[in-house]
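In the two complexes below, chain A is the common chain; its partner is chain B in one and chain C in the other.
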Partner chain A sequence: MSKIILQVEGLHTVFFTRQGVVKAVDGVSFYVREGETFGIVGESGCGKTVTGLSILRLLPEPAGRIVGGKIILDGKNLLELSKKEMREYRGSMISMILQDPMTSLNPVYTIGDQIAESVRLHQNLKDDAVEKEVISALRLLKIPAPEMRLHDYPFQMSGGMRQRVVGAIAMSCHPRLLIADEPTTALDATIQAQYIALFKDVQRQTNVAIVFITHDFGVVAQMCHRVGVMYAGKIVETATTRELFKAPRHPYTSALINSVPRLDRKDNRLYSIEGQPPSMTDLPRGCRFFPRCSVARDVCREQEPGEVDIGGEHSVSCWRVS
Partner chain B sequence: MGRFIVIRLLQTVVALIGISLLIFVLARLSGDPTMLMRTPTTTEAEIVNIKQQLGLDKSQPEQYVIFVKNLFRGDLGESIIKRRPVTDMIGEALPNSLRLGITSFAVSMLLALLLGVLAATRRDTFLDNGVKFLAVLGQALPGFWVAILAIFVFSVYWHLLPTSGTGGPAHYVLPVGTLSFFLLPGMMRLVRSSMLDVLDSEYIKLARIKGLPERVVIWKHALRNALIAPLTTAGIIFANIITGAVILENVFNWPGVGRLSWEALVARDFPVVQGVTLLVAVLVLLVNLLVDILYAYIDPQIRYQQT
Partner chain C sequence: MSGKGIEGSLRRAKIFQQLTLYIPAAVLALLVLAAIFAPFLAPYSPTKTALGQRLIPPFFIEGGSTAHLLGTDTLGRDILSRVIFGARVSLSVSLLVILITSTIGTVLGIIAGYLGGRTGTVLMRVTDVSLAFPAILIAILLAVVLGPSFKTVVLAISILGWAPYARLIRGEALRLREADFVAQARIIGSSPLRIMVRHIFPNIINPLIVIATLSVGLVILTEAALSYLGAGIPPTTPSWGAMVYDGRSLIDTAWWISLFPGMAIGLVVLSGNFLGDWLRDKLDPRLRQL
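And then the complex of A and B:
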């Protein structure tokens, strides 16, 4: 087993809003090993993006704040770093890929400039060495004719190519951890498959650990080694991808897997989960999934279930399991 | 980029031809100048003679050709009142106006950038609210009134600054101050809102993810994008300087083009009015040309579309 590079323990992130305090991330724990991809899956608003931004300590200020927990990257608790130290970690130790490639590159600078900026910031290199690094980053992401594309502006590239450039920026300083926030959601289906294959290849070459945030179980199946299923600010189930698909233990996980459209079934109706996720300012007292759960019992209404380790890197927070 | 500038230059030349034609026609519309020169004893022969001297006996197209030919020689005619070449009068007044206008433009645009960016990055703080208040004042108070008030407070009451005229640097403080106060708010508000839009974008998030210090994120990544919209307005604001100067140069007794044009208008000194109008039109055209070139320089997408 490879070394654990990122360990998140009991992370609590809140937002102070006019409607009250929103516990966007409410005690999330997980770990990622070197060369491993950990998926965080969940519906919109469940706190998966906030988890990613918390790791980078880039929450929207002044509303968002991390109020508890530890984020340990390679033995160092990121929450104890000074602002300056944290900035040095960003881009060099941890990187992030954003969702929409059409808006995540600066329109007025060439892509070469945008990659070189990272390289120059984090590595003490001469100009020709910087260019070499930039070209090797573009090569890593399989961008054709990198020496020429260097001088292109984002608007001269397709969406798929731009997302590769975003990937090249992220990988340019050889980070140990990459957070990918729905990087394939804005891409065409065919480009999506290419991008996933590309990232598996990048991971093989660099041994980078990836936290892959998505709402798409198809992408999870292709990309992730292990998965955490998130619901209303909490991870309700963590397991290896194979185990999760084969034997989901949390009713929410089963429901999510069931709602993936399948071609090999005869019935034409799409399965969907009843009801809406709870309001984050007014959470139910017991289990957060209880109002939508088809197998809920009395205890679910009263008390929140704790996390139970059921062996083989599989843990669940559900009264039916404990 | 080179081709873009050449195309824009050609467009400017076309616009200049149009403007010269318009000014020529507008001047002729004001009537026959010899009518003003008639006295009860003037004979028809004398009128014909004067018309010949002034070239008014020729057909209008011919007159236009002569007008343009004279323009190329730098000859704008002679003032009816002062009996001096218009070019000389403008030549004396223009440097004064340029010094006042350019200083005010530079001061107000730099302040607008600085305050606009600071207000956007420190949203809803004391500074942001102060900037908003200043903007409302600057846009609501009439320029001449602010100028008179400034003279009253700083010159008459406190004896700190000269009331009017040109001279040392102290003479610049009040005119530049009031003109800037009047140019600043629009630009400042535009920079602030444009900056807020840009700061909200994904590429700013990405710049922070890269680990760039906030200073670089704001002044390199955000500002260049946030400048695209306000830049167009900067050209329009420059035109405001000209109209603003007409008023302020009179209040501060500043011997510039603004005062010259006002005096000429009041005295119906048509050649001077024509000359000043042409000069102002050329200045606005040149500034717009400069704005377009800067625009293409800042935004590569425009650069590539045009060539």
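And then the complex of A and C:
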């Protein structure tokens, strides 16, 4: 087993709003090993993106704040770093890929300039050495004719190519951890498959650890080694991808897997989970999934279930298991 | 349409585009040269009065003479000479004022918009107060305290003139703060200062150029109004604005007194706008390769 590079322990992130304090991330713990991809799956608004932004400490201030927990990257607790130290970590140790490649590049600079900016920020190199790094980043992401493309402006590229450029910026300083926030959602299906294959390749070459945030189980199956299922600010189940698909233990996980459309089944009605996720300002007292759960018991209404380790890197927070 | 037709219209568009650059650039260059070499170009001293030669019309209408190409004013001063010398004041005042106001406005606007928070609120309240003040009143006050001079005029127009820039730039910075590419810059570890200079500023150059070129006219007119009120540059120094005002009571008989300096103002403003448009297109990477 390779070394654990990121360990998140009991992360609590809140937003102060007019409606009250929103516990967007409420005690999330997970770890990622070197060269491993950890998926975070869940519905919109469950706190996936906020978890990602918390790791980079890039929450929208002053509304969002991390109020508890530890984020340990390669032995250092990121929450104890000064703002300046954190800036040095960003880009060089941790990086992130955003969802929409059409808006995440600056329209006034060539892509070469934008990759070079990241390289210059973290390494003291001469111009020709910088250009070498830029070209090798473009090569890593398999952008054809990198020596020519680096003079292009973002508007001259397609969405798929732009997302590769975003990937090249993220990988330009050889980070140990990459957070990918739905990087394939804005791409069309064929490009999506290419991008995932590309990233698996990038990971093989660089041994980077990836936290892959998505709502798409298909992407999880292809990309992730282990998965955490998030619901209303908590991770309710963590397991290896294989185990999660084979033997999901949390009713929410099974419901999510069942709601993926399948071509190999006869019944053509698509399964969906009844009801809505709870309001984040008014969470139920017991289990958060209780109001929508088809197998709930009395205890689920009253008390929140704790996390139970059921062996083989599989843990669940559900009364039916404990 | 035939290929030839498309090529033809492309060529015409290109020629037109070049004309909108070269003509205004030439006009401004000529005016700047005229301002610099005014003593050699002007046929008369701009301040020399000749009461015997009052209100001579320009040469192309009856009663005019080629001795005074654009005629003379109520004191018999040569209009052409005064327009040439007036370029010095009007051009240098507007250039200085625009440089000062756009710099202050941009810096404050970006800080207020990007950093926001308490700093932003304070800056914007100051801007609101500046916008609410009547500029002319402040200018007169300054002229009284400091005495009318070139420096006073520049200071008087600049002291409140930055506020509209700050307002507009703040709005743009506020919008860009939420842009994904700014988030991207934070992700690679850029500092706030770096983000403001490298990522916000280049993206607000377009609106900045537009208001800067549009304000050329406004500055020249404000300078004129100040001269009219006696708070401007002392009257012996000719300025276009003051000349327009000089001729206002005789506009139905001796219209040339106001018309020629007015045309000069119009030329500068128009050239400024054309150049601004051209510069904006040039700075837009999407249009750069056309």
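One rule holds for everything that comes next: the second predicted complex is superposed on the first by the 322 of 322 C-alpha atoms of A that agree within 3 Å, B and C clash if a C-alpha of one lies under 4 Å from a C-alpha of the other, contacts with A are read in each partner's own complex, and residues count from 1 in each chain.
What we mean here is this: a residue touches a chain if its C-beta (ideal position, glycine included) is under 8 Å from a C-beta of that chain, and two chains touch if they have at least 3 such contacts.
Since we're looking at a predicted model, the values are computed, not measured.
Annotation: superposed three-chain arrangement on chain A; chain B versus chain C shows a clash. When the two complexes are overlaid on their common chain A, residue A:117 makes contact with chain B and with chain C alike. By the touch criterion stated above, A:40 is placed in contact with neither chain B nor chain C.
Using the contact criterion defined above for the overlaid structures, shared-chain residue A:106 touches chain B and also reaches chain C. Once the two complexes are laid over each other on the shared chain, residue contacts for A:287 go to neither chain B nor chain C.
Contacts of A:55 after superposition on the shared chain: neither chain B nor chain C is touched.
Touch criterion met: A:155 reaches chain B and chain C at once. In the superposition on chain A, contact is made by A:92 with both chain B and chain C.
Within chain A, the residues touching chain B in one complex and chain C in the other are 56, 58, 87-92, 95-96, 98, 100, 103-109, 117-118, 121-122, 153, 155, 166, 169-170.
For chain B in complex with chain A, the residues that touch the partner chain are 201-203, 205-213, 221, 224-225, 298-301, 304.
Against chain C, in their complex, chain A makes its touches with residues 56, 58, 62, 87-92, 95-96, 98, 100, 103-109, 117-118, 121-122, 153, 155, 166, 169-170, 172-173.
Those residues of chain A lying in contact with chain B across their complex are 56, 58, 87-92, 95-96, 98-100, 103-110, 117-118, 121-122, 153, 155-156, 166, 169-170.
Considering their complex, residues 117, 179-181, 183-191, 198-199, 202-203, 283, 285-286 of chain C touch chain A.
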